[in-house]
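Structures given as structure tokens follow.
In the two complexes that follow, subunit A is the common piece, with subunit B as its partner first and subunit C second.
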Partner chain A sequence: MLKTIIGREVLDHLKSARFQIALLITGILAVTTTLINVQDYAVRHQNYLDAQKELRSEGFEISVFREPQVLSVLARGKDRDFGDQARLSYMSVPSQLTGYMNVSRGRSRSLAQLAAIDFTFLVRVILSLFVVFLAYGAVSEEKANGTLRLAMANALPRDKLLLGKLLAGLVVVGGVLAFAALLSLLVIVLHPAVSFSTSDWVRAALILAGSALYLSLFYGLGLFVSVITDRPATSLLVLLQLWIVLVIIYPNLSVRAAEHVYPLPSEDVVLAQKQAVSERFQAAIQRANEGISRPSPTSTDRLQSLEAWSGEAVEMAKVDEEFGRRQSRQMRRAEVLSLLSPAAVYDQAANRLARTDIREYDRFMGGVRRLWDAFVGRYKLRITDPEAYKQTPLPDFSYRSDPTAEAVAATWPQWMLLVVINLVLFALAYTGFLRKDLR
Partner chain B sequence: MRTIIRREFLGHVKSLQFAVLLVLAVVLFVANALVFVGSYRGQTERFEKAMAMKGQGTSTRITGVVRRPNSLTFIAEAGDPERPGGYTVMPGGTLMAESAGSRTFKLPDVPALDWSLIIGTLFSLYAVLLGFQAVSGEKERGTLRLVLSNPVGRARFLTAKYLTILLALAVPLAVGLLVNLVLVGLLVPQVLTLDVLARIALVVLIGLTYLSLFAFLSLLVSSLIHRSSLVLLTLLASWLLFTIIIPSSSVVIVDKLSSAANEIQVARMFEPMVQKEVWDRINAIVARAQKGEFGSEAEIQAAADKAFEEGQIKVNAFYEDFARAQEERARTAKNVARMSPAALFQFAVEDTVRTGDGAERDFLDQVQEYARSYDAYILKKLGKVVQTSRFSFSTSFDFQGRRMQLHSPRPEEYSGDKSDFPRFVERTATIGRSLRSALSDLAGLLVWNILLAGLAFSAFLRTDVR
Partner chain C sequence: MATSQPILKADDLSKRYEDGILALDHLNLQVQPGEVYCLLGANGAGKTTTINLFLNFIPPTTGTCFINGIDVTKDPLEAKKYVAFVSENVMLYGNFTARQNLDFFAKLGGKTALAKNDYYQVMRRVSLQEKAFDQRVKNFSKGMRQKLGISIAIIKDAPAVLLDEPTAGLDPKAATEFLEIMAELKNEGKAILMSTHDIFRAKEIGDRVGIMKEGRLVMERTRQELQYEDLVKIYIDYMKSEPLAIS
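And then the complex of A and B:
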């Protein structure tokens, strides 16, 4: 019995014009956006390799370059906006990344703040909208057509009918998602510049599973609204407005709210802290400068200079790091505030899995800081013990990128949240349907 | 016709979309006003403190200019907080932008909640939601035949439909704007000058032109397709394409299209350029010194100064080329985005309220003009202008048994009377100039309107009413 219902429902969906339009648009967008992102990644990765080869400097100043994340082809997140390099010298600890020219990032500021168009965007905005279109008529249309009464006149329990509709919807939604994912992954696999490691595939699979959860949530919402309204046009409009609020408006408002409820210290405060630091070191640096500009400075003079400057740099870095921690805290609070929107939850989890969120950036900056310590330690040797300096090469830059296990552990509450909302919506649709007046 | 408009309008007012739009408009416009008031007060306070504390200073070595906070960012923010808040100015036209880079870059990327977002994204969506049933809905209900059996021309009928969609959008928009302006006017009254009110009127006009295009689009699709749900799906797909997909993709696409050098290409040329323009010149002088071609340290330093200055002109020119290349890429990205009417609307509003790339360029032009008068002043007082750059260079070598330090030339401080020190006075673009720069985008919106109106009318006149 259930099989018959599912078969009929799936067929109905497949035949409908809206499904065919949706499939066409999904296919076109999946291919074009992935192609654009893959090519963009290829360029950025090539730039990174070129920089590694040609822009490395030795001596007073060294550069660290950030490799673009390969999964940014699926979930770009902030990968394009983090910056590409950090310049290290004993006089300053970099507090943020810059472009390859070591000046602020060049981008069109009017357009830069817009969302990235990638696979997760396709799922989050476009496919969720299509799911709404697939689901809105599930019950209300049958009711309006009068076929619901006929169906219930058979020896068919209500719960079975709803279950059938639910499963059929999920099959269709899963099919559209699989279609989009297949096309995207095909572009990725065929492009020579992109190669996923095993853990990348695991992450991509997890993103895909999360996408399925997210879309099924919208199907559940559609079913629920379809159950409680009697006219298909009403259910569609109700769903669309819910979609607008959940996907477009609420995520935006929650970020604005976080910005104002948890404000950052103002520029003046940070500047005053830095001025206090520079005043504390003023005397030491002046002494060091006098020593170093003597006709023939001794190694003590040079060491004194190094220590004064790097000491100040460390204290300055503390101010920057504290500010950075405040920024990260503000970001986490914005994330918590936006938990009410499944679109925001999905976005956070997907970017975390793709290593294109701020946590990855913070990890990278931690690596930069450790390298700085090693760099300054080695620079001291250059003054005190040139032989030892020659024998101890500077360690290659490395940082502990967010491990897959940790990312999974961190994102599962978000996925669970989506599961719970899914279950709640299905339960609501179910009880609503059992009580529904079919006349 | 009036009857149709009244009937239609009442139908809209009773609808769910209208109620939700009204609520959303009020909530978002209030949020926009509150966010703006908070940040504008902070900016003004910082600006005034900066002016009071250091003013501009009267040093002939280095000075700086601060940008006045823009009072219209609540209409179109256009990345204003990330644009330079001022410039450090040094002799020889060396400018360094202050504090580019965002304080809130760790927050999730969401577009600024300004008027251009509320109108450009939300209201355009509701234009679609209010308009998609205009023809197809009546056809489905069978009322279209009845209506057209009355002595009402088809063109007149469609015009009435069009006007009611606009009216149904204009009412929530007017309510939202009013609440917004009352809040802004009460909390920061100095913002709402006559000039600003005129600009706001223009923005509303541009907004209505933009929304009218979506109304025509809805009527067109509604006349072409019979099933309302398909009409809506098609319209939503075009809305997504116009407001999100095209503008967002343009930045990435332009990296493929633009012929201007990208950052890594410029960065690769940088070190060789400094080597050639600065160090090769200095090394030549050091070599000559060691061969004994110079008599004294002063002679060497004079030669080095000259060499450094020549080199620094090249270093500055290099940075200018880089900035130009970046501007060129940004311009190309904007031109790609202009395929979408949503971008035309955004840029027209930015120009009207003098935020955005045009305003940044305008400010930079003024700063460059100021830098020239600064140089003229230094020339008058000190007799020469030392060419600086954003780098200082120094090196040391052994000369006649002693260590000699060579450094890039340092500007002198003038110690006499500085009462005639040039002051930087920021000019904001007049409303006429703003309008002129917005004109091409506005014309683009009009073209879209005419095109879609023509298509909508011809489609409806030919539609099969049965």
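And then the complex of A and C:
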């Protein structure tokens, strides 16, 4: 009997105009968004390779370039906003990245959510909305038009009917998701600029699995609302309102709430702190400048200059780092607050898996800071012990990118949260349907 | 009329809704195999509530419904194996053809091994046009949908059939055809309980006719008794009479 119900439900969905239109839109969007993101990645990656080739030099300052994340073709996150280049000199510790040729980016820690249009946007916004349209009438429409009474006049257990509807819905939603994923992956595989490693494929598969969980949650929600309302128009209205709150309003509201609850020092305060640092070092820098400006400065002059400038840079960096730490804390609070929104949970987990979230940026900046320390240490060596300097090359820039196992472990609670919400929604729909008045 | 064990039986059945309205007040009725029982009454008299209770769509406040001797409240799934249902306005899955709809409901009714020809035979029996068999039902007229609804009841081959104002809104020809099929089912030994507003057709087809008012069965007559009485006058007299005291 379950097979009969699933078969009918699936066939009914497939024959409906809304399914066919949604499938068409999904296909078009999957191809175009992935194509745009792949092209964008290809350009950014080429820029990275060119910059590596042309600008890698050591002298008064060096540049470090951030390689764009290949999985940004699926989940762009903040990868595009992070910036691409850090310029290191003993006079300043970079607090954020710039674009190539020092074009300002400065949005690396922006709290703005859900902006990039990519595969995860397609799932999070378009497909979740499609699922709402698919699920709203699952029970209420049948109740309104009388087919539910006709079906329930048979020896058909209510739980079996509801389970059949849920499974059929999941089959259809899974099919649409698989269709979208297949098109996106086809674009990725066929593009010569994109190459996934095994770990990237694992991460992409996890993002897909998470997408399925996220969409099934909306189907469960649709089923529940459809059970507790008697008219399809009412259930659609309720679901659309819930969708707007969960997908659009709440994630942004949680960001605003975090900004309000955990405010950051204003730009003026930060500037004043930097001004104070600058004033503290002003005398030392002036002395150092005088020494270094002599016709033949001694190594002591040069060392004093280095220590004055790098000392100021370290203190300036402390101000920036403290600001960055507070921003990161604010972001994490926003993430915690937004856990009530499945869209935010999905977004966070997908970006973590794609290495396009703030944590990956922080890891990169940690590597930049370590390189800066080595760079300044080596600069001192150049003054104090030129022989040792020659024998001690500057270490290559490196940082430990988020390992797959760690990313999986970190996103596990978020996926589990989606599983739990799925189960709760089905339990609510089940309870509601058992009590439903079929008049 | 047969006099064996009743297939449908309402035993002191009452229903009071959450809003306090007493929709059914201590109803007792029985329908034997091969008997057509027509429930007459104005809107809100309790006819549809009675059918809803037999189908376990709502629980009774007091009393019991039995189908083929099975307590509907205690074992609804077993009880529903023995009953088919045709509603006032048969609505089917619009994207499916007549045969696909029939196939789905037949399977729900436990008929899992039917061939395409079996469906066609049933649809021919209810005089559905051949060209409509494999057409989507979304454009079917009400008469065609009612015919398909009775096809669903026929194919289930249950000993009891519940009909909730099945001829309402049908043109005279379609209504007559519908009642001919009812007569055939009756001759096959089905117990038929039909709620209706149509006094003339109730008299024509009913072996017994009950008049309901404000949830109570206020009158019951057999076909023989109605040969000597004017059902229309009885019905109108009851409808005009004072409201009943609320129990």
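The rule is short, and it goes like this: the second predicted complex is superposed on the first by the 428 of 439 C-alpha atoms of A that agree within 3 Å, B and C clash if a C-alpha of one lies under 4 Å from a C-alpha of the other, contacts with A are read in each partner's own complex, and residues count from 1 in each chain.
In the analysis below, a contact is a pair of C-beta atoms (placed from the backbone, for glycine too) under 8 Å apart; a residue touches a chain by one contact, two chains touch by 3 or more.
Just so you know, these numbers come straight off a predicted model, no measurement behind them.
The partner that reaches more residues of subunit A, of the two candidates subunit B and subunit C, is B.
When the two complexes are overlaid on their common chain A, residue A:145 makes contact with subunit C while staying clear of subunit B.
In the superposition on chain A, A:392 contacts neither subunit B nor subunit C.
When the shared chain is aligned, subunit C comes close enough to touch A:153, but subunit B does not. With both structures placed on the common chain, the touch criterion links A:437 to subunit C but leaves subunit B unconnected.
Within the superposed three-chain model, A:8 lies in touch with subunit C and out of touch with subunit B [touch as defined at top]. Residues of subunit A touching subunit C in their complex: 1, 4, 8, 11-12, 15-16, 145-147, 149-157, 437-439.
Residues of subunit C that touch subunit A in their complex: 48, 52, 55, 57-58, 77-78, 80-81, 83-85, 87, 89-93, 95-96, 100, 104-105, 107-110, 149, 152, 156, 162.
Those residues of subunit A that touch subunit B in the complex are listed here as 17-18, 21-22, 25, 29, 33, 36-37, 39-40, 43, 47, 50-51, 54-55, 57, 78, 80-81, 84, 96, 99-117, 125-126, 129, 133, 137, 232-234, 236-238, 240-241, 244-245, 248-249, 251-253, 255-256, 258-260, 264, 266-268, 293, 295-296, 327-328, 330-331, 334-335, 338, 344, 347-348, 358, 361.
Across the interface of their complex, subunit A is touched by residues 15-17, 20, 24, 28, 31, 34-35, 38, 42, 46, 49, 78-79, 82-83, 97, 99-101, 103-113, 117, 121-122, 125, 129, 133, 227-230, 232-234, 236-237, 240, 244-245, 247-253, 255-256, 262-264, 266-268, 270-271, 319, 322, 326, 329-330, 333-334, 337, 346-347, 350, 356-357, 360, 402-403, 405 of subunit B.
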